[in-house]
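Each structure below appears as structure tokens.
In the two complexes below, chain A is the common chain; its partner is chain B in one and chain C in the other.
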Partner chain A sequence: MNADIRPIRTQAEQAILASLGSVAGGGDRLADLRRAAARSFEENGLPHRRVEEWKYTDLRSLMREAVPVAGTAAIAEADARARLLRGVEARRIVIANGAVVPELSDLADLEEGLSLTTFAAAMAAGDEVLSRIGGIVPSRYDASLALNTALARDGVVITVAPGAAIQRPVHVAHVFASGTAAAMYARSLVVVGAGASFTFAESFEGADGLAYQANSATEFVVGDGAHLDVVRLQEEGASAFHLSTLLFDVGRESKVHAFTFGLGAAVARTTLYATLSGEDSHVGFNGATLLKGRQHADSTLFLDHQVAGCESRELFKTVLDDSARGVFQGKIVVRQAAQKTDGRMMSRALVLGDEAEMDNKPELEIFADDVQCGHGATCGAIDDELLFYLRARGIPLKEAQSLLVQAFVGEAVETVEHDGLREALVERAEAWLAGRA
Partner chain B sequence: MPAVQETVDQVRSLDVDQYKYGFFTEIETEKAPKGLSEDTVRFISAKKNEPEWMLEWRLEAFRRWLTMREPDWARVSYPPIDYQDLYYYSAPKRPSELSIDDIDPEILATYEKLGIPLRERDALLGIASGGTKVAVDAVFDSVSVATTFKEELSKAGVIFMPISEAVREYPELVKKYLGSVVPVTDNYFATLNSAVFSDGSFVYVPKGVRCPMELSTYFRINERNTGQFERTLIIADAGAYVSYLEGCTAPMRDENQLHAAVVELVALDDAEIKYSTVQNWYPGDKDGKGGIFNFVTKRGDCRGDRSKISWTQVETGSAITWKYPSCILRGDNSQGEFYSIAISNGRQQVDSGTKMIHLGKNTSSRIISKGIAAGYSDNTYRGLVTAHRKATGARNFTNCDSLLIGDKCGAHTVPYIESKNSSAQFEHEATTSKISDDQLFYCRQRGLDPEEATALIVNGFVKDVLQQLPMEFAVEAQKLIAVSLEGSVG
Partner chain C sequence: MALLDIANLHAKIDGEHGKEILKGLSLKVNPGEVHAIMGPNGSGKSTLSYILAGKEDYEVTDGSVTLDGDDLLEMEIDERAAKGVFLAFQYPVEVPGVATMTFLRASLNAQRKKRGEAEVSTPDFLRLVKDKAAHLGINQDMLRRGVNVGFSGGEKKRAEILQMAILEPKLCVLDETDSGLDIDALKVVSEGVNALRAPDRAMIVITHYQRLLNHIVPDFVHVMNKGRIVRSGGKELALELEANGYAEYQQDAA
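Right after this comes the complex of A and B.
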């Protein structure tokens, strides 16, 4: 009776397996990666609550059914859907239903030092840069990433030449533009050369009311002394399923900042993996999540300090209204060689709704002795005294709450360096608060 | 700072890798046949003259255990345990009518050597020399060999006796509470314990009684190849207070020995239970050979309103520690506390922490955990704080700090913090660092050698927890910490 009992495959798993059947053959490395990912999904299926990394986001029960892979989007519809971050001065690339729409994308007149192509084009051309794909391998099977590896066909491939300072951000707008629920997969790669600096933004949106599934993965290879800023805004449709993975390989003396802002989707999970493989780097991962209704959002990070002298800072803020559920999991691993590591992780949740739930799991795994590492986690309602202070000055309750929520989220949003992007995010947060009242 | 001086003296007087309780007592014993089967369970039950219901309870647990899997989620690794290669019952031979003078003098000598006087006369002498009166239940391998101050306690109405006697004498109480906090089906090791537990302490403090002295159990594993499975059940009735201490040691052996205990605490309205442990099982030698596998389930149930349960533990021994003393805060306004010092050296592996389960309204809990890892050891804090939907006004504060001494050891923190209602307020902080060079420099500048300086700084690091221990235990624990860290500096 002690034998392993293999769970019965759910309907969703069966449907996904059927779509994996079409994973193309071929002899190159990418094809091998795809087949390996498909195989690992076949073996492990969707994660459930007994899988530690997915303890609070039980995909097996949350993802009831798999939807077919989306077809090509109509250009006009994709254009109409892509609203987010439009006001920001940036080079815009639109990915609709998992495929780059060249008609809506700004692929010409590239700055010196910037090369930008589509994943599909890079594959067709056998571009050398694709050898960087799959460079960071999570220590444990990750269903979301495996499905992306197996099924993604398009995305962007960006290379920033060593020493190039690209002022204008590249903004990749992911949109779902289809009349029926479908699944879309996008895979992107950003290689930042030594000493270069670059700002990369991504946004996600789609129609409310359609239970579509978006899966995106972006890999960042950051060279020595490079400076990379990543900003992500997730406002998927209210019934959507959003799975995304960000992978970072961080070189020596570089600076990497990433900010994830989550407002949409019925179920969202964002996983960040960072491998610090060069000494004296600084990594700052920050995020804010604003949830209402019955939304579920999960931010999970893995930071692997492999070498000495790196610094990492994480600050995640979650605001939960109604009966929403927020999840934060963060793991800092400090290997034996990573002496003088300085790591700080903080997760704060503000609970507005009586039925809301917050699950925090910050972890430290430390094998080096000369380190300074810490994490903190708090969760609670708005401080009554602060509310009283504002109300005593004639500010109505809702407005007082909004002010305090704004201040709470502001601390994280302020870490975004690019002015235009930061202002756009602040505007989205204000819109969310206005929607509450 | 006399205590510090004492620590330093203690460190000096010992060689590296010395476990001072590692001796073995040669006595005649009676054992159950090797291995585990229904017959073993029946044998133990028969040995204890247990009523039918108790045997049924055990058998049910045993059948359940056969269907369970050993948990593997903890950050510990050990060779598979052969459950058929163990003795589940080992007892010193003794006459059936028990009085202190009938106890094998060897056993008395053993406890004396451990610093635990079993003769009340001797214990009272302790008072003259300034100590406090402590009632002791001494458990040797599978059975309780002596319980002191029984009479004085019974005057106050406190029942303090081996659980095997309680099963016969107070079956109603045992039936009502046994397995009510840690159910038979709780986990692999608790279920095994339910099937084969041989002895342990039973405490009942009646309504409104403040237990007149500290109660204590001293566990000693002596026999080779035996597992110790004790079961402790403490009930504090409405308004009662009891403080309970637990100590453990075992001989040095090359093979690993299994210890799987279950402790259940029940606090009714306004009651308070303070449970302190100094765990110093044999940790194995410096290469990780031998040592005790300590798989313990400890849980307290704050069943009544305004009740309080406080766990304090100093964990220095065992090759493997797998232990999560928990509190179920069921009553409104109840409180749970967990203070822990876990020290690992050599090849020890510690995976310990707590669970605070907030169910009642306005419940509060506090967790202070100090982990110190040295040598090649791994030290993990694993804890859960959760507030139920209806647990409005729940409060928790958690602080876990880890200190690393040496670059071959690991310190890990795995907290789970789950809040299911808006009025719960949880705060958690954790840090990991090494002894700072500044502190060491400061101490050395004032003439302390590195070992003295380390002992001083470590004592400061764990002070918050040591303060929670009863006085005489605190001094003991302080010495123990210094000894545990022996050989880790330099």
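Right after this comes the complex of A and C.
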């Protein structure tokens, strides 16, 4: 029932429609992609609860207000607002209001084997690498990705040469830096050559109190035998909307690991797509989401095992305080050719608040006959026996809860390989816990 | 003044139709004394230990418990610990993801903070743990692991005694510390406990069997049945119980 007639457009939809067609450049192919995306939005609008993939995150009713596309950010304000992961030794690129800020970005002195430019510059130059954009096409209309495709004008474009081992992570700091609510879109592309290794981090933040809309999409093309680590930290402002999409095209015998850490935004939806198109690769998607107040966060995964012998592992942890709402949807598709697939998906939620809610929807679609696939979901409060044990040793209630929440989240955070990034995430988790009333 | 003074304690399982477990239990424990509480299964021994520690599954309906004259029943669980109550659990829980060292340090510093004392410095803390752990045969690997995670029954009990040694409580309540221990483990644990006997520290040793009392020799032995203490005596009472069993008391109380 996705094609129901929807004559009434919300204010938000009208504002988005008005902005469609405003982006140009990058050649005919990108122009075609943009047009197709715009058309799909015109037809479908913002998804609502009767659209299966958005059942628990009814974007149409959650995102009602119309906001204009953000203008250029003041450099000083962008600099002051972009605080996340600053202590991590990384090559830092700042994207403010959807545009790379060269003055705040470390674009020079690139390591051998690393090429890095902006999406806008790549479009202007007609860079061949942009032919990789839109390589993975979701099987169903994805409003978040369609809007990004139609409206993103900047982002980063990174190519890691075959065999290059880039030690220093690239950190893309997305920041909203306007005085009034607006929408921003950023599109990035990361192509990791065969046998190369690379760590890519992204952070998202902005002012509390402004119902701005952040939309980001990053595509990863992972070559044969490559090793890619992705770490994302989302701490958007408390009234913000965060929509993001990560797409992975995974080559043979490669290793891809992504960790998404969500703490911010009023409404957040992160969708991960992975197409395992080369044999014997390993994909690990892990995440942690810490929510309080009336926050709503949705992590949705689509894993498409197209070829034989691949392994996928997913572990998502959600902590829900107050009346927060968490959503986990994970779909693993195993195609007929994908024999010997080994897929395991797990979502665990820890409910602290009396009014909190968690929705889990794991799905398996298996067409091959020799596979190992499993999924699980748990949802529960802090174990009273553990709490009593800690308190009986003198640890006050709140501190005991914090230790147990940290331990719960820790199991997922510990999967982050890069020491500096992992420590930074642990510190953000501690700050969240310290901020609990 | 007694360190611990339990007078006419009545307690039931929390809830509307909760069963009454303790039915008028009285006990005075002075500093330096070791009291053994023995009794058949279901006599309320473990309940007593939980109520002293502050477990919230029980409701005290009558009577009083004071520690150093202060009303223990009014205190939060962690406050009792800071005041010097330590319960060595019969079945210590596993706490995955909380490293033993982190846990020990958080416990010690929380208690010190509550008492208005300075936190222990890292080097002092490491020295303290290393020293105490060595005596109990607890290695560095165990200390790095999550609390009790993957520990054998004996290792869990040793870890409890290590916590006790580090926290230096005034009142140690050992709930069936001998359960699940073989002879060698029992010896190590008992030696650990005996090393903690001190003029300013009291112990309540809860056990079903007399065996443990060969190693931890008590000053007083109490027989508990159906929620109260039905007989008290010296250490020889334990031997008598071992020979005759609890049948006599169960009949008396019926």
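Just so we're on the same page, the second predicted complex is superposed on the first by the 423 of 437 C-alpha atoms of A that agree within 3 Å, B and C clash if a C-alpha of one lies under 4 Å from a C-alpha of the other, contacts with A are read in each partner's own complex, and residues count from 1 in each chain.
Criterion: a residue touches a chain if its C-beta (ideal position, glycine included) is under 8 Å from a C-beta of that chain, and two chains touch if they have at least 3 such contacts.
Values in this document were obtained by computation on a predicted structure and should not be read as measured data.
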Clash-or-fit label for the pair chain B, chain C on chain A: fit
Touching partner for A:Glu411 - first (chain B), second (chain C), both, neither: second
Comparing the two partners chain B and chain C, which touches a greater set of residues in chain A: B
Contacts of A:Met358 with chain B and chain C, given as first, second, both or neither: first
First (chain B), second (chain C), both or neither touched by A:Tyr389: second
Which of chain B and chain C A:Gln336 touches, first, second, both or neither: first
Chain B versus chain C as contact partner of A:Ser61, first or second or both or neither: neither
Partner chain in contact with A:Ser139 - chain B first, chain C second, else both or neither: neither
Which of chain B and chain C A:Gln372 touches, first, second, both or neither: first
Least Cα gap, in Å, left between chain B and chain C after the two complexes are fitted on chain A: 14
Contact residues common to both interfaces of chain A (with chain B and with chain C): none
Contacting residues of chain A [partner chain B, same complex]: 1-2, 52, 320, 336, 339, 349, 351-381
Chain C to chain A touching residues, read off their complex: 53-56, 76-78, 80-82, 86-87, 89, 92-93, 95-98, 102-103, 106-108, 110-111, 114, 146, 163, 167
Of all residues in chain A, those that touch chain C in their complex: 383-386, 388-397, 399-400, 403-404, 406-408, 410-411
Footprint of chain A on chain B - complex, ascending: 66-67, 69, 73, 389, 402, 404-434
